[in-house]
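Here is the structure we will look at, set down as structure tokens.
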Amino acid sequence: MDVIISSIGGLFLLLGGIIAIIGGIGVLRFPDFYTRMHAAGVGDTLVTGLILVGLILQMPEWLVVIKLIIILFMTLFINPTSSHALTKTAFQNGLLPVLHKKEEANKGDAGPSTR
Amino acid sequence: MIVGLYNYWIVVILMMIGFYIVIAQGNLIKKIAGLIIFQTSVFIFYISIGKVDGATAPILADQFSQYSNPLPHVLILTAIVVGIATTALGLALIVRIKEAYGSIEEDEIQEKDNQEC
Amino acid sequence: MLIAATLAILVVMFLAFIRGYIGPTFYDRILAVNMFGTKTVLFICLLGFVMGRPEFLDIAMVYALINFISVIAILRYSGSFDERRPPGNRKSIGRDV
Amino acid sequence: MLLCVAVAIVRMKDLLAVVMLLGVYGLLSASFFVTMDAVDVAFTEASVGAGISTVLMLTTIAMTGRNESAPPYKHLLALVLVVMTGALLVYGTMDMPYFGFAEAPANLHVAPRYIQDSMAEVGVPNLVTAVLASYRGFDTFGEVMVIFTAGLGVLALLGLAKPPKDGDAEIDLLHDKLHEQHLVLRVVCKMLIPFILLFALYVQFHGDFGPGGGFQAGVIFAAAIILYGMLFGLSTARRVINQPLVLLLSGIGAMLYGMVGVVSMLKGGDFLDYSVLLSDPIAGQHLGILLIELGVGITVASVMVIIFFNFAGRIEYLQRKRSRDKQG
Amino acid sequence: MLAHLPVLQVIVPLLAAPSCLIIKRPVLVWMFTLMVSGAAFLISIALLQQVLASGTISYEMGGWAPPWGIEYRIDELNAILLLIISAISTVVLLAAQTSITAEISEDRHTIFYALYLLSLAGMLGIVSTGDAFNVFVFLEISSLSAYAMIAMGQGRRALWASYQYLIMGTIGATFILISIGLMYQMTGTLNMADLADRLPQVANTKTVLVAFAFFIVGVCLKLALFPLHMWLPNAYSYAPSIVTAFFAATSTKVALYLLIRFTFSVFGYSFSFTTLPLQELFLGLGLLGIFIASAAAIYQTNLKHLFAYSSVAQIGYMIVGFSVGTSAGLMATLLHVFNHALIKGALFLALGAVMYRVNSVQLNDFKGLARQMPLTMAAIVVGGLSLIGVPLTVGFVSKWYLVMAVLDNGWWPVAVLILLGSLLAIVYVWKIVEVAYFIDPEPGTPQVSEAPMALLVPVWLLVAGNIYFGIDTRLGVQMAQSAAQSLFGGSP
């Protein structure tokens, strides 16, 4: 039974790692801020959940589990909130998403850099 | 030798980057940033001294017998506090300098001082 | 598994850092810093397990909090929080590159 | 990795980006401390390097503007100087004991007693706390005084003669707008803040057994108040926590520490000798450590709050001055 | 309670600082500060007597034996410095209330006195501790409060001076920190006596060499030795007068103490003076410092600037005495530390009195001042004479011993150079005398009266000290001699 649980935990961890890398690539490769935000925001929350659940399944003492659960809840609150705040401010300050691509050549300067 | 000392060498490079920022950059805030890097790398150096291979964090528990050296950790705790105190004071000074001189670039401030004389 | 996940997180930390360095906009940097922070939290958690000292979780908790606070602080004091700017031409959201 | 960040900081022009990278640098070095077994240090570095100093630098930049205009000068001379110093240091590393070497003199002379005997002498499982609070308690006293000095210094530099009146219409308006805009943030923070305070208390009193202690707890406690101040406006925060009281508290924290020492002196021991506080030396040590950690926590928390209030208060003061100038 | 004197010396001012916040009323705070400083002075006298009677005192903090705990170790050298610092601080504080009222706004007085006490405690702590890391901590207490106090001076230049000092000071402190780390790495201990025991075994490693080099550079930054002195003139000139008087008389002395303590007691004489070309280096820098700083002083029009540069030159003299590397040279240095504290304390306090009345220390504003403020100007003249080294003043005594020590070593060119340096001092002191006594004030400048008693009394106390110790040289010489000999006696 223990073996099964911990191997499921391992699976979670692995999945978390893979998604984390996918998210990271997304953040690096996507064309504009909002799509990157999407990759980061969604990716982060999912990865955190997966890895922490994986660790919980790995584990032993109840105190550790409680702490993990607290961290899990905290990140579940904090991550979306900060993503929300960030995106909202960006939008309100006039940063616009990219909808069309005219030329590949101009790709370098993405947008009216802040202020 | 390379394996045994590489850690210290990296610390030295970090220190020197921080030091370079402090003396070469004209912007006051950036100088403070350099100071932070400089100090942090010294902290890393101290902590590296205390590390023992195969040992664990110096919190006693039944299942471990070898612990890293706690003394550098204590010293660095103190040093971090000193560091933040210096930073806070330096930044407060910068704010006042900005109000008084209207600039936070070293050479502009020097210029304004020289004009007064 | 633990090690694999730890390595993966390290790689992602690096990716996030690159994004933070190249920008190009200010918000991209905040995004990268935020992502970097959450990944550090995970990294510390995993490290605690790898090294067999799960007491380290306290530190992870502090990291999560501090990360949040610094993101809020950046937003609050970057001067973009207080005032509202019209986001360009509202009718056609989006722009061509 | 640390190297990359440091190089990036050298090259960045945008000060805000520098600050953000500095935060990243703090987090990274803290992770490095964790791998080096220095958990307490990592704890502190994370809350200080990535937290407090970032916030302070941001508030400063908010007042000074964020672009670095002048190119670095004195290039060559500085480079030569730095390379020379670096070369000297590398030269010095040649004879160092290798990294992680258990037989290095640093690990053989003084430290073993801390590791082997402190459980019997002080009775605290966290060796760092034991050394910090008892063996080298006087250093920590000095540390409290350093932070207290910094608080006074910031107050001397940035303190305003008259604290702004409550209900300054314009600022309040600004805050109202702010609240409207960020409803989600406000609600989440309201939920988080009690939790953070509770966590600070946990860190404070659990410091004997796990990573943590007075300093870290103080910073976390202050972080909660800073968060509140940032989101709900400074005047609201001032209404909850008034500044003269905080100043007094910082003094009281330092006094508490000193008084523990003085009492132990009066009881016949040396300064800061906790063993004489109670009839049982171990219990005395426990009591002493508990009290001084409390002193440290109080001082650090209140000084951090003072520093933040004064920085942020300066921003409001400047804003108000600017708007007055515009009108008049 | 007698056994606790070493620690009381430091914690009395340290604990008094937060108490200032509780008292709050500026005048009361001033009286309280004065009392505390006076108490520290009394304690230091008692300590000196104890040391002279029964030799080195060791005090174990927290009851932990060194090297595990922190140790306070008082021998003759520390005791003398403790005495100098607390005495100067007390005298300066006598003048503080009057001078500060003119220069700092009322609501900051409490904070100012708290910072002053912290700075005092920091210096006392550096001097009395026997633990290398504890030195760093107290160094930071005293420097942080120094930065804050300097920034409280009038005008925006005080801020800039303070910032420069902060950067330089922090670099210096970090260098010292690196050096302590290297020493710890090689020996595993932080206690100075223990370090002295264990360093010789590893003395020929490169690491210890580098540690020594870093320590020297770090301390020289704090000491404002000639090429690293850039922060000092500005910091002294724009700080409040009281602060200038206090720091000019004490803070560089503390750095010098560290230099002496580490080169002689910790690293040991043979290591310090044989492995590195330290002697030649310090001799050269010291002499250069004397000449360049004196020459710079001649061209200053701001008197505080002038005397600040002269401070840099005087540090040059001390370093020359130090670099001679004999007991006699060291004695001359210590004597000069003591005397220079008296001279500069008096001079800067007198400038504070001028500042109080005239609100400027520009040379132009001194025209005809001798007739309006005769007592103050007389004090400046006596201080100036002492600075030059005229017989019957303290300046003469220490220069005499310095020249003797140099001649003992057969370095007669150096002796000639030292005398030439004094000639430069004559030039800049004469400049002031000329303006103050022989040039009539420009018509239209407002009449000023003599400085108030509260300022004159401390000024003349210090001037009287100048003359008294210049005539009756026994006490100072005796103390310096026994301290120098104990350092050469080998035991730290």
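To keep things simple, chains are lettered A, B, C, D and E as they appear, and every chain counts its residues starting from 1.
Here, contacts are C-beta pairs under 8 Å (C-beta built on N, C-alpha and C of every residue); 3 or more make two chains touch, one makes a residue touch a chain.
It should be emphasised that the depicted structure is a prediction, and the values quoted were computed from it without experimental measurement.
Each step here moves to a touching chain, and the least such steps from subunit A to subunit B number 2.
Chains that count as touching both subunit A and subunit C, per the definition above, are D.
Taking the mean of C-alpha positions as each chain's centre, the chain lying farthest from the centre of subunit B is A. The highest number of C-beta contact pairs joins the chains B-D.
Distance from the centre of subunit E peaks at A, each centre being the average of the chain's Cα atoms.
Inter-chain centre distance (subunit A to subunit D, centres taken as mean C-alpha positions): 29 Å.
Taking each chain's centre as the average of its CA atoms, subunit C and subunit E sit 49 Å apart. With centres set at the average Cα position, the gap from subunit B to subunit D is 14 Å. Residues of subunit C in contact with two or more other chains: 23, 26, 30, 53, 55-56, 58, 61, 65, 67-68, 72, 79, 81, 84. Residues of subunit D in contact with at least two other chains: 19, 39, 59, 61, 89, 93-94, 96, 104, 106-107, 110-111, 114, 136, 139, 142-143, 146, 149-150, 153, 157, 181, 185, 192, 210-211.
Shown for subunit B are the residues that touch two or more other chains, namely 15, 19, 49, 56-57, 59, 61, 71-72, 75, 78, 82, 85-86, 89, 93-94, 96. Applying the touch criterion to all chain pairs gives A-C, A-D, B-C, B-D, B-E, C-D, D-E. The touching residues of subunit C, when paired with subunit A in their complex, are 1-2, 4-5, 7-9, 11-12, 15-16, 18-19, 23-28, 30-32, 34-35, 38-39, 41-42, 45-46, 49, 54, 57-58, 60-61, 64-65, 67-68, 71-72, 75, 79-81, 84-88, 93-97.
Those residues of subunit C that touch subunit D in the shared complex are 13-14, 17, 20-21, 23, 26, 29-30, 33, 36-37, 40, 43-44, 47, 53, 55-56, 58-59, 61-63, 65-70, 72-74, 76-79, 81-82, 84. Remark: subunit D residues 88-89, 91-97, 104-111, 113-114, 134-139, 141-143, 145-146, 148-150, 152-153, 155-157, 159, 161, 247-248, 250-252, 254-255, 258, 261-262, 265, 269-276 touch subunit E in the complex.
By the touch criterion stated above, subunit E contacts subunit D in their complex at residues 4, 7, 11, 14-15, 17-19, 21-22, 59-64, 67-70, 105, 107-108, 111-112, 114-115, 118, 121, 125, 131, 133-134, 137-138, 140-141, 144-145, 147-149, 151-152, 178, 182, 184-190, 198, 202, 205-207, 209-211, 213-214.
Residues of subunit D that touch subunit C in their complex: 1, 4-5, 8, 14, 16-17, 19-21, 23-24, 27-28, 30-31, 34-35, 39, 42-43, 46-47, 50-51, 54-55, 58-59, 61-62, 174, 177-178, 181, 185, 192, 196, 199, 203, 206, 210-212, 216, 220, 223, 226-227, 230-231, 315.
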